[in-house]
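Once you scroll down, you'll see the structures, which are given as structure tokens.
The two complexes that follow have chain A in common; it is paired with chain B in the first and with chain C in the second.
Here is the complex of A and B:
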């Protein structure tokens, strides 16, 4: 704890009962750091929300270095699937063991909410709770980029993206993981119409941005497929299979599609 | 009084001397495994129609020194076998731990071997009874998937405590039927877990050097779950033996004696003294380079 106090007083002067930095004891000196508790299992995820649904997707390849661990390791988790009215899906990419641990903790949290309050948790509440779960391990983080999808109280698609320590934001679309830098610009352009302008609206500052509109389910599924088939071409850690979860008011529908296995 | 509230009310260093933190610390450093010491090399396994075959060689290495023989595969019960790669002392710790778990499970599962032993022969010796408690995970005992989940949690917890068990373990066996279909026939199960708690399953798995040398060969035999249904036990065992031979040829930390286990619904067949058969080192003749030959 002592290390947290930063405005450290001078150590030399009289009257100070303890030094602000932990005293080097015989116990802490020979500590080595040969064991690193994280690894990167590669892969990519993405989520897109629209007016009546949210789609989350992730490839199913798991890697360690240049090796493929398996061609089928899901990154998408239906949270509290025992509850028929559950519309929550969590996607995690990064360190797979942390990802699964996080999914299980959120699953427990959502179940406990249902048992204690007698109703299904709202996606906004679940999203904030997930942020707290992540921040709770601020100093030994879950090394994952999480995306949480669901439907909000108005029935609109909801999508929340997180950094490993719990900073979060509601968005229309987000790509995460190894190929995030390949997929995200594509999504910016095709979902939020970034850098698309109205034809004939003028030049320079006169140019009018094309207004984003809610996309149809078929359009979004095609965007997801295109995003992943392209990412597979250019990123070695992405491939094998595409797992998609479509969240609508009818329920959570899972779709699996093959990707290139090279 | 000074301007540092956190120092108020405490003994002053200029009068009593600075607090000696060594009083609070243990006299010796806490030691956690930072690297494996005595190690076992690859474990390989393959699913087939109705079961799983798993193999690992019997060598324990100390760096590049071939130290002694080891047990490489452990039978947990009639439904699950474990194959260990990595640190041998951690493996032996886990073996003892899991034996205790198996005994506890069989006592608590009711229809376990305890009853079986006493009903078949009332005057069974203590030794026989203990043996059957260890090994007969009848009826309700932990299946391979339950054991895998348990080990994943154990290894993930240990890595989170920065005190890892330095192993990469394959768990092979039969899975328990899902809760919504309790009468379904048990399916072949094969998953791995490593020192970080990373867990994954596949039709074929290999740890360590085997991930480079054996896995490509095994994936040609069973590229996906569909292929698993098409191959029989004999084909699977033959593929595993071939891989053990390749590993013996090319993995400098391997041995030509290995353990091989087959798990089917009939139970576990574990043989701990298999040999690499039909070796041919002729391929070595054609190799040029690496310094010894001039041309």
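Here is the complex of A and C:
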């Protein structure tokens, strides 16, 4: 890309929540103070659902500007993990503080549902509730892209993705965060077989799209690892570790793998 | 959005294979979100095995393409031989740096096969800094998307990389041109792609 014109450092400053204190002026001169409540903590997340499971993944690096806050800040949260039949995982990327606050809110909401109704919330209901939670802060949003994973009532993998103010959609796969634009076309091609056609099915408009099929767990884990190792190569905000949560009818299994730390 | 590099949109990618290289571009020309043309190729040939891809501001794409046609014609008359890819790359670099403080808003990509039959690709920023890459080079508004990913396999790879990338970029697409360059053969294919 055209480095000197568009390749500016992320944001303008070092990327703290507080903008620089103004230079000292004479006592009576008016001074302007500023407080910007959001920081972009970088990182990326990704989710893929299949016929019997859902996998969510996120890198564990947390950044502000060119600094690394920590190499292990999880972006994946098992919701209501106290309930042995809970199959909900929330992934959040963007402003990490809002992400954790959102995960806590959803955790509480899901617990309250269980206490009041005496049963575990369905993923569809939790998904809609999360949308309402996000929209509730329409004018001071949670600065995050959320992805919610689970199993639906038929035991099929379910995946819902959200914008910061609660617009949501059920999908087969979704990448979010800093490297979303790098990963998403790869997922289109390798999960939904976009731009792939059956050999010898005709020419031009007669060409038949290669039908997407439910992927095996091993295949999906390989796609996730390939997506992240590639993103690490080309995005400075992604790296350090890869946290994966595999949601099956047996439960939620957490897998951690190292990524490059440079 | 008002960056000169992303007003007209466009995408270009080059890759190396075994004894061959490939270069491909989309065909869209737009003004922000409005598509003006769906037949605006961004790859230009300067000798039987030297190709230049140009993305960025469309007026500069045309100007720079013509400027190099002039310069390479002069080179060929003076030297009585075809220009080599590496020589051409250095010509691109020095020509762009001449405009250091009023640059052409283009991101060039060079692909070719040198005299020894060795694949050569490289990319530049708008003021001529060369990026010698062994594997692949991308440029244009879909360059983020393009990073996600023997001659026939190379054609499939570069085509899939380009098509899937431009489908996720509103400013690129509307078909593609793909060149597969071998030692003494060049295959040009026109891909239809999504028309939306």
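The rule we apply is simple: the second predicted complex is superposed on the first by the 229 of 262 C-alpha atoms of A that agree within 3 Å, B and C clash if a C-alpha of one lies under 4 Å from a C-alpha of the other, contacts with A are read in each partner's own complex, and residues count from 1 in each chain.
Keep in mind that, in the parts below, contacts are C-beta pairs under 8 Å (C-beta built on N, C-alpha and C of every residue); 3 or more make two chains touch, one makes a residue touch a chain.
All values reported here derive from a predicted model rather than from experimental measurement.
K.L.:
According to the stated criteria, A:189 is in contact with first (chain B), second (chain C), both, or neither; which is it?
P.N.:
A:189 contacts chain C only, not chain B.
K.L.:
Considering only touches as defined above, state whether A:204 meets chain B (first), chain C (second), both or neither.
P.N.:
second
K.L.:
In the superposed model, does chain B or chain C contact more residues of chain A?
P.N.:
The larger set of chain A residues in touch belongs to B.
K.L.:
Which holds for A:110: it touches chain B only (first), chain C only (second), both, or neither?
P.N.:
neither
K.L.:
Just chain B (first), just chain C (second), both, or neither: which does A:93 touch?
P.N.:
A:93: touches no partner chain.
K.L.:
Is A:178 in contact with chain B, with chain C, with both, or with neither (first, second, both, neither)?
P.N.:
neither
K.L.:
Once the two structures are fitted together, what part of chain A is touched by chain B and by chain C alike?
P.N.:
In chain A, residues 5 are touched by chain B and also by chain C.
K.L.:
Could you pull out which chain A residues touch chain B in their complex?
P.N.:
Residues 5, 9, 14-19, 22-23, 25-32, 34-35, 37-39, 41, 62, 64, 67, 69-73, 95-97, 100-101, 140 of chain A touch chain B in their complex.
K.L.:
Residue numbers of chain A touching chain C in their complex, please.
P.N.:
By the definition above, chain A touches chain C via 1-6, 181-186, 188-189, 194-196, 204, 227, 230, 234.
K.L.:
Which of the residues in chain C end up touching chain A in this complex?
P.N.:
Against chain A, chain C makes touches at 3-6, 56, 105, 107, 125-127, 129, 139, 143-149, 160, 163-165, 167-168, 192-193.
K.L.:
Using the touch rule from the top, collect the residues of chain B that touch chain A in their complex.
P.N.:
The contact residues of chain B facing chain A are 2, 4, 6-7, 10-14, 18-19, 21-22, 24-30, 32-35, 152, 156, 159-160, 162, 164, 192, 196-202, 205, 211-212, 215, 224.
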